[in-house]
Amino acid sequence: MRIKIAFTVLLIISLMSLSFIQKGRQKIVFFGDSITELGVKKGGYIDLLNNQIIRHGKSNQYELMGAGIGGNKVYDLYLRLERDVLSKEPDVVLVWIGVNDVWHKSLMGTGTDYDKFGIFYDALVQKIQAKGIKLILVTPAVIGERSDHSNPQDGELNLYANWIRKYATEKKIALVDCRKLFIDYNAKYNPKQLDKGMLTYDRVHLNDAGNQLVADAIWESIQSML
Amino acid sequence: MRIKIAFTVLLIISLMSLSFIQKGRQKIVFFGDSITELGVKKGGYIDLLNNQIIRHGKSNQYELMGAGIGGNKVYDLYLRLERDVLSKEPDVVLVWIGVNDVWHKSLMGTGTDYDKFGIFYDALVQKIQAKGIKLILVTPAVIGERSDHSNPQDGELNLYANWIRKYATEKKIALVDCRKLFIDYNAKYNPKQLDKGMLTYDRVHLNDAGNQLVADAIWESIQSML
Amino acid sequence: MRIKIAFTVLLIISLMSLSFIQKGRQKIVFFGDSITELGVKKGGYIDLLNNQIIRHGKSNQYELMGAGIGGNKVYDLYLRLERDVLSKEPDVVLVWIGVNDVWHKSLMGTGTDYDKFGIFYDALVQKIQAKGIKLILVTPAVIGERSDHSNPQDGELNLYANWIRKYATEKKIALVDCRKLFIDYNAKYNPKQLDKGMLTYDRVHLNDAGNQLVADAIWESIQSML
Amino acid sequence: MRIKIAFTVLLIISLMSLSFIQKGRQKIVFFGDSITELGVKKGGYIDLLNNQIIRHGKSNQYELMGAGIGGNKVYDLYLRLERDVLSKEPDVVLVWIGVNDVWHKSLMGTGTDYDKFGIFYDALVQKIQAKGIKLILVTPAVIGERSDHSNPQDGELNLYANWIRKYATEKKIALVDCRKLFIDYNAKYNPKQLDKGMLTYDRVHLNDAGNQLVADAIWESIQSML
C-alpha cells in the first residue's frame, strides 16, 4: 500500500515537473531578413544567444527558432506571419526588420514608403499581440559603418528607426535599439571612418563582434522580460 | 393531400423567387488604385458601367461598389482585402492593379519587385477565391501613350501584364486586358506619338475616351460571366 | 627741383588711383543651381550681398553676377563654364553645387555618382584656376531641415560635403561651409524637428533667414579674401 | 633639261605617294563604354573588324583604336574627349554610348536625364566636327534580349535611340542602328524569349554572335563612308 502511494506521489511529481518543463520552455521566434537568416548559423547572433542560455543552465527555459529570409521587407513579414511564425505558437516574437525597406530604394527601386512601413509594421504587431504573444522590436542597425553620419542611407535609417522607437514607447513594447548600439560603438571604436569591418563584414551583415553585440543586447532584453 | 402538394409547390416557388432576388443582385467590388478611386466619380468608368446597366434595365441585377485608393500597389490591396472587400460580401471582385508597382520604382524608389508582385497577387486571389467569390483580373493600362514602345515604363508594364495574362490563363480567371486595349487603340489613333490626351489626361489617369473604353470592356466581361 | 618732386608725387597718386580703379571693381560670378538662380531676385542671397556692399560704400569695388540654373548638377556647370562664366572674365567665381547631384538620385534616378562628382568638380576648378581666377567653394546646404540626422539625404549630403571640404583644404581654396552653417543653425533653433521653414521654405530653397545667413557668410569670405 | 623634268616627275610621284600614305591610313577611334572597352580584346567587335580589314588586304588603309571605358555615360565622353580622342588626331570617331545613361537610372540612381543626354551628345558631336573629323553614331543595343518588348529598359532605350536616329538624320551623320539590328535579330531567332545568350552573354555585353553582328554593320558603314 505504502509503495503504491509513494509511487503515485512520485508519478505526480514527475508529471508536474514535466509540465513545468513543457510550460517553462519559452519559445522565441526571431522574425526578420538575411541578418536573422544568418543568425542561426554557427557563430550567428541566435546561435550565440543559445550558447549563452546553455552556459547559464537555462536551456530548459528557452527555445530559440529562426524565421529570417534574405531580402525581406516589412510587408514580406506580414505576408508570411501565419505560416512562419504564428503556426509555431511562440511565446515571444522578436521582429527585426527595416534594412531592406530603406536599402532597396536605391538598390533596386523597391523599398518601402515611410508611411506604409508604419502601416504594415503596426498591422504585423497587432496580429501578433492578438494571439497574446509577447514582442521584442529591434531597430535596423546599419548600412555602412562610418560614424560621421555620411553613410548614404543614414538619414532614412534614422527616420525609420525613430518611427520604431516612438511606436515601441507608445505601445509599451520591449525595444532593442540596434541602430543606437551600432552608432555608439562606431563613434567610439571607428575613428578611421571605416565603411565596414567593425560590426559588419560588408556594411550590413554581422561579423563576430556584431553578432556578439546583438546577442548580448537581446539576452539582456529577454532576461528583463521573461 | 392536394392542398399539401399545392402548398409545397407554392412554398418552393416562393423560396426560389426569394433566392432569385437574393442571388440576382450581384455585388461587384472594384478593387484598385487611383484609377479605380476616380472610377466612381461622375463620368468615371464605374459610373459609366452603372449607366449602361440602368440603360439595359438590369439595375436589379448588379450592384457596383468602388474600392480604389490612390497610390495603391498589390501589397496594399492584400493588406486591406478583409476590411474593404471581403467584409462587403461581394459576388465578384475586379482586381485592377500594377501601375504603381511599376511606376513608383523610378518615381520614388518604392515599386514592387517582379517576383513579389506575383507572390502578393496570387495570395490576394487565393484569399478571394477561398470565399467562393468570382474574379475579373485587369492588366495595368499605360504610363505614357506613345505607341512606338518608347514610354519609359513600357518594358516593365509589358512584363507585369504578361505575368497577369499567364496567371489568368493558368487559373482560368476572367481577364480584361486593358494594356492590350490601350496599346491597340494608340497604335491606331495616335500616329503623332502623343504622350497623353488619347485615353488619359496625364499619361496614367483616364479621360472620357479612356473611361468609355474600359467600361465597355468590363461590361462585356461581366455579361459573358454572370 | 620742387616741381620735379611735385610731379613725381602727382604721378604716384595718379598711378595709385588708376591701379585702384582697375583693381577695385572685382567681378564675382555666382555659379550654381536653382538656389543661385533665385539668389539674384529681390531678397535673394546675391541681392542681399549687393545691398551689404552698397551699405559699406564699396559698390565701386565689387560687381556681382548670377549664373545659376535650376536643376544643375556639377557636370552641367562643366558644360556651360566657358559660355556662362569664363566669357564674363570674372576675378572670382563662387561655385555652389551638389544638392541636385544627391537629390536627383531618388527623385528621378539621375543624380551624380560620388566618384564622378569629384572628377567633374576638380576638372571645373582646374579650368577656372588655369585662367588665374580666384575661387570660393560652397558645400550643399540641406534637403530637409530636421536636426536629428533623419532627413533622407543627410548621409549623402554629408558625404559630398566632406569631399568638398577635403578638396578645398588640400587645394587651399576658400570655403563657405553652408552645410555646417545650416546644420548648426537647426541644431540650435529647430528643437521641434521641422522639415522646412527654418532656413528654407520647401526643404531646399532659401527663405529670408536662409538668404541672410548665406549672404553674411559669403560677405565674410569675400572680405577676408579680397 | 631632261634631268630637271625627270626630277620633277619623281618629286611629284614621291609627294603623291607620301600623300597617299598620309591620307590612306585612316585612323578610326571607337569612343564608348564597357562594350567598346571589351571590343578591342581578342574576338571583340573591334578585333573582328581589324581581322576583316586584314582579310580584305586593307590594313594599310585603316588604323583602329579603342577608347572605351566601362560605366561611361555621354557626359563622361564629353569630359575625356580632348585627352582620349582629339589628341589622337583621328579621321573618324565612332560614338557608341547610351546603355549606362539609361541603365544606371534604376541600377544606382545615376542615369542621364533625357534632355541632358541630347545636350551633351550634341556638344560632343559639335566639338568633334569642329576639328573636321568624320563621325559614325551608334544606337545603344539592348539591356535584356527578350523580343516581346518586356525588358525593363526597353521603353527608355527606344526613347534614347529615337533621339540619336533623329539627330543623325538631321545632321546627316552616318548611323549604325545597333538597337534595330539587335531587336530584329531577336525577333527572328529568339522565340523562347531568352533574356540573354543570343547576342549578349549577360543581357548587355556582346557574345561572339553579337560581336560579329556589330563588326559587320560597322564594316559596311565604314566602306560606304571612306
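Note that the chains take the letters A, B, C and D in the order they are written out, and that residue 1 is the start of every chain.
As a working rule, a contact is a pair of C-beta atoms (placed from the backbone, for glycine too) under 8 Å apart; a residue touches a chain by one contact, two chains touch by 3 or more.
Please read these numbers as outputs of a predicted model, since none were measured by experiment.
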| item | value |
| --- | --- |
| Any chain in contact with chain A as well as chain B | C, D |
| Identity of the chain that, by mean CA position, is farthest from chain B | C |
| Whole-Å gap between the CA centroids of chain A and chain C | 48 |
| Chain B and chain C, separation of their C-alpha mean positions in angstrom | 54 |
| Chain A and chain D, separation of their C-alpha mean positions in angstrom | 54 |
| Residue list for chain C, restricted to those that touch at least two other chains | 105-106, 108-109 |
| Contacting residues of chain C [partner chain B, same complex] | 106, 108-109 |
| Chain B residues touching chain A - in the complex, by the definition given at the top | 75-76, 78-79, 104-106, 108-113, 116, 119-120, 123 |
| Touching residues (chain side chain D, partner chain B) in the complex | 105-106, 109, 144, 148-156, 158-159, 162 |
